[in-house]
Amino acid sequence: MKYVDEFRDPQKAEALIWQIEKLCHLLETPIKIMEVCGSHTHAIFKYGIEEILPKAIELIHGPGCPVCVMPKGRLDDAIAISQNPNVIFATFGDAMRVPGSQTTLLQAKTQGADIHTVYSPLDSLKIAKANPDKEVVFFALGFETTAPATALTILEAAAENINNFSVFCNHILVIPALQALLNHPQLQLHAFIGPGHVSTVIGTDPYQLICQQYRKPIVISGFEPLDILQSIWMLLRQLVENRCEVENQYHRLVDKAGNQTAIATMNKVFEVRENFPWRGLGQIPDSGLKIRSEYAQFDAENKFTIPNLLVADHKACQCGNILKGLVKPWECKVFGTACTPETPIGTCMVSSEGACAAYYKYNRLVRTGKNKVTT
Amino acid sequence: MCLGIPGKIIKIADVEKKLAIVEISGVKRQVNISLIVNDEHPPETCVGEWVLVHVGFAMNRINEKEAAETLHLLQELASNEIC
Amino acid sequence: MNNSLLNSLWQKKEQLRHRCTQLHDTNITLAHGSGGKAMHDLITDVFVSNFDNPILWQLEDQATFDLASFLSQGDRLALTTDSYVVDPLFFPGGDIGELAVNGTVNDLAVSGAKPLYLTCSVILEEGLPVEILRRIVNSMQAAARQAGVQIVTGDTKVVHRGAADKLFINTTGIGVIPAGISISAYNIQPTDVVIVNGELGNHGTAILISRGELALETQIESDCQPLNSLVETILDVCPEIHAMRDATRGGLATVLNEFAFSSNVAIRIYEQCIPIREEVKSVCEILGLDPLYLANEGKLVVVVGRENADKVLSVMRSHPAGKNACIIGEVISSPPKIVLLKTIFGTERIVDMLVGDQLPRIC
């Protein structure tokens, strides 16, 4: 596959690792790098990148997984909407197994809720047009990468006067999350691997404050293994050279200004919520998107009565600390015992990008030093 | 958080609705190209371009020159020309 | 069966054919399941005429067999059953009828058995077009002929509209295992080699695409095919095969986990050795799926002692159902009950058991 296979070349990976090792020798101290984006977490595990990095580098898996940071209360709200008898509830597959307080969307489906998995928000609009007697609700989640798609779908619904369609909006923003993380007193990090696809929308400029205010270098990275390794190399070079900059590894898709059409579309349809609850990070100001009043007829929070409760996580659940990188999944008391992919307690075990699910699924064996498989 | 895959626009399906057909290694899908078109770059000019596809939308064009430069840099690293 | 008995059976068949009224109904009704003339006409015109064998033409409530004919072919019987509920009924590369025959034939074949006879039970939804049913039964007969089996008894039920999704089929199959063949998931040993007969993930992808909801367009077709002839070819050169399974629901990953668990071993597979078509890889990248878990309906996973691997691979490649056969991995002693994938980077990760169905994801 073009623009994919070339960035998975093992020979180039080997060369990058060697370069990374040289820089680690120069730094002489352990380095903690956080990858913000859940898709980076997934790629790191899929290709075993932690295993080939020098022991001096510790990768910390951050909260850039919109499923992982979905608070229970919002899931309960989604499930409540889906249980309306006249509703067809459309959702990305990612959300189906996420546990709310009592149940999941998947279980609600087995109990009679009419729930469809869709690939695109436009598919949910198609469902609305095909079922004029039903109310179709789309469960919108994701960061700035996905928000423009939801916005365009709402605009299309408005243009075509589709009155049986609405969106339950849970879009969230990356920069406020990074700030919330960096404001946490216990957080220890040297640098960030920045989210490549969010940045195709917002550009690289918004990350300047991370460097200026918090003095952490950040490299915006693509998602193939060579992208991630090159980004780590670029970060180590910054640390060796005492630089603190926003650098762009993902040049082929990201530029400084981002996609102005996408930004304008988002601003047309959405406004920023004063506060939004994040699992494990609590309420973060200015971090969530809400549908503007001009498009109120497409806002499911207007059309439906929802519980709208803030629900605390399970006492044993360490997802919050794991999302902040303070605790490793295997340090959580219920990891792999009460909390498994089959019986998840927290969202980090449900999402394909969640650190707990990744460690359990790909790498849960006895570790000697650095996640080596004993055979 | 953002599964995206490169694909090539092979046809415009609907100019007004800004819909195109993208091909990804033999698999075709209709995608919405609203985010990558404007007056200077109308739909018809997009045929043959490579784009990032996410949830049925073309998010951005892939800059082929930049992609080649990145690979070239990685090749140079592999040949030990950069320290 | 002696000549005079055969003649008598064929005469009976001709009498029945003359008495049987051709089915003119366009849609299945409840009457077709109620035991009366409508049901009789459905059975004889659609099922018996198509499956067309002397045992079935007897129209008894059961099929009977001379035990001696089994004992001359082996020393054990293999019996298996499976129900088929696939949606859509027709998909690129096959249909539910072909699946219903090949799936059961393959479950017998992987034990080393020669598949001989199948049953065919159908549950029909009221309103199903008879033409659809005919197409499916024709497919079953063509598949049965290709596999060398006969469909010798069956059952027909009709349920109210909405109580079933168009058509469900159950087939039960019986075969005979030749003496000396002992294939089991419990036989696997460290140093054994793992071989598959071709590209993985085609069937699961074809079904997913043909449902239409994802609006993806591809040329991918199901790999639905009988494997008994391939298995026979393998056993002719190497009766000492350790384990064999067809990688249906849950894909290669599920079969390997079952093997690792049963024999308390680890299995290591190599990413660059696993044959997957480009379009299947592409669909998986788009939807965030792992091809190792996608269903197949014509793929064999063979575990064989290292000393026999080359000759088994060679004979598989000489057979039409195995021309793309390749070695994908090996068995090691630990960590027990675990399947490992060596990536193209030389790193290793676990290939776990699937939890629930794979769902398309955006993250």
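Labels for the chains are A, B and C, by order of writing; each one numbers its residues from 1.
One rule holds for everything that comes next: a residue touches a chain if its C-beta (ideal position, glycine included) is under 8 Å from a C-beta of that chain, and two chains touch if they have at least 3 such contacts.
Computed from a predicted structure; not experimentally measured.
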Query raised in the report: Where are there more C-beta contacts: A-B or B-C?
Result: A-B
Query - Chain nearest the overall Cα centroid - result: A
Query raised in the report: Quick one: chain B and chain C, Cα centre-to-centre, how many Å?
Result: 40
Query raised in the report: Can you give the whole-Å distance between the Cα centres of chain A and chain B?
Result: 22
Report summary line: Shared-interface residues of chain A (touching two or more other chains) are 1, 4, 38-39, 65-66, 92, 119, 123, 142, 146, 353
Query raised in the report: By residue number and range, which residues of chain B touch two or more other chains?
Result: 1-3, 5, 24-25, 54-56
Query raised in the report: At which residue positions does chain C touch at least two other chains?
Result: 215, 278, 281-282, 285-286, 288, 361-363
**Report entry** Complex interface listing, chain B residues touching chain C
**Finding:** 1-3, 5, 24-30, 53-56
Query raised in the report: Which positions of chain C touch chain A when the two form their complex?
Result: 213-215, 266, 278, 281-282, 285-288, 332, 334-335, 338, 340, 343-350, 352, 355-356, 359-363
Query raised in the report: Which residues of chain A touch chain B in the complex?
Result: 1-4, 6-7, 9, 11-12, 14-16, 19, 22, 37-39, 64-66, 92, 119-123, 142-143, 145-146, 148-149, 152, 195-198, 200-201, 223, 226, 230, 233, 249, 251-254, 259, 261-262, 265, 353
Query raised in the report: Touching chain C in the complex: which residues of chain A?
Result: 1, 4, 8, 10, 13, 38-39, 45-49, 51-52, 65-67, 92-94, 96-97, 106, 116-119, 123, 142, 146, 225, 341-342, 351-353, 360-366, 373-375
Query raised in the report: What residues on chain B touch chain A, complex-wise?
Result: 1-6, 8, 24-25, 32, 34-36, 38, 50, 52, 54-57, 59-60, 62-64, 66-67, 69-71, 73-75, 77-78, 80, 82-83
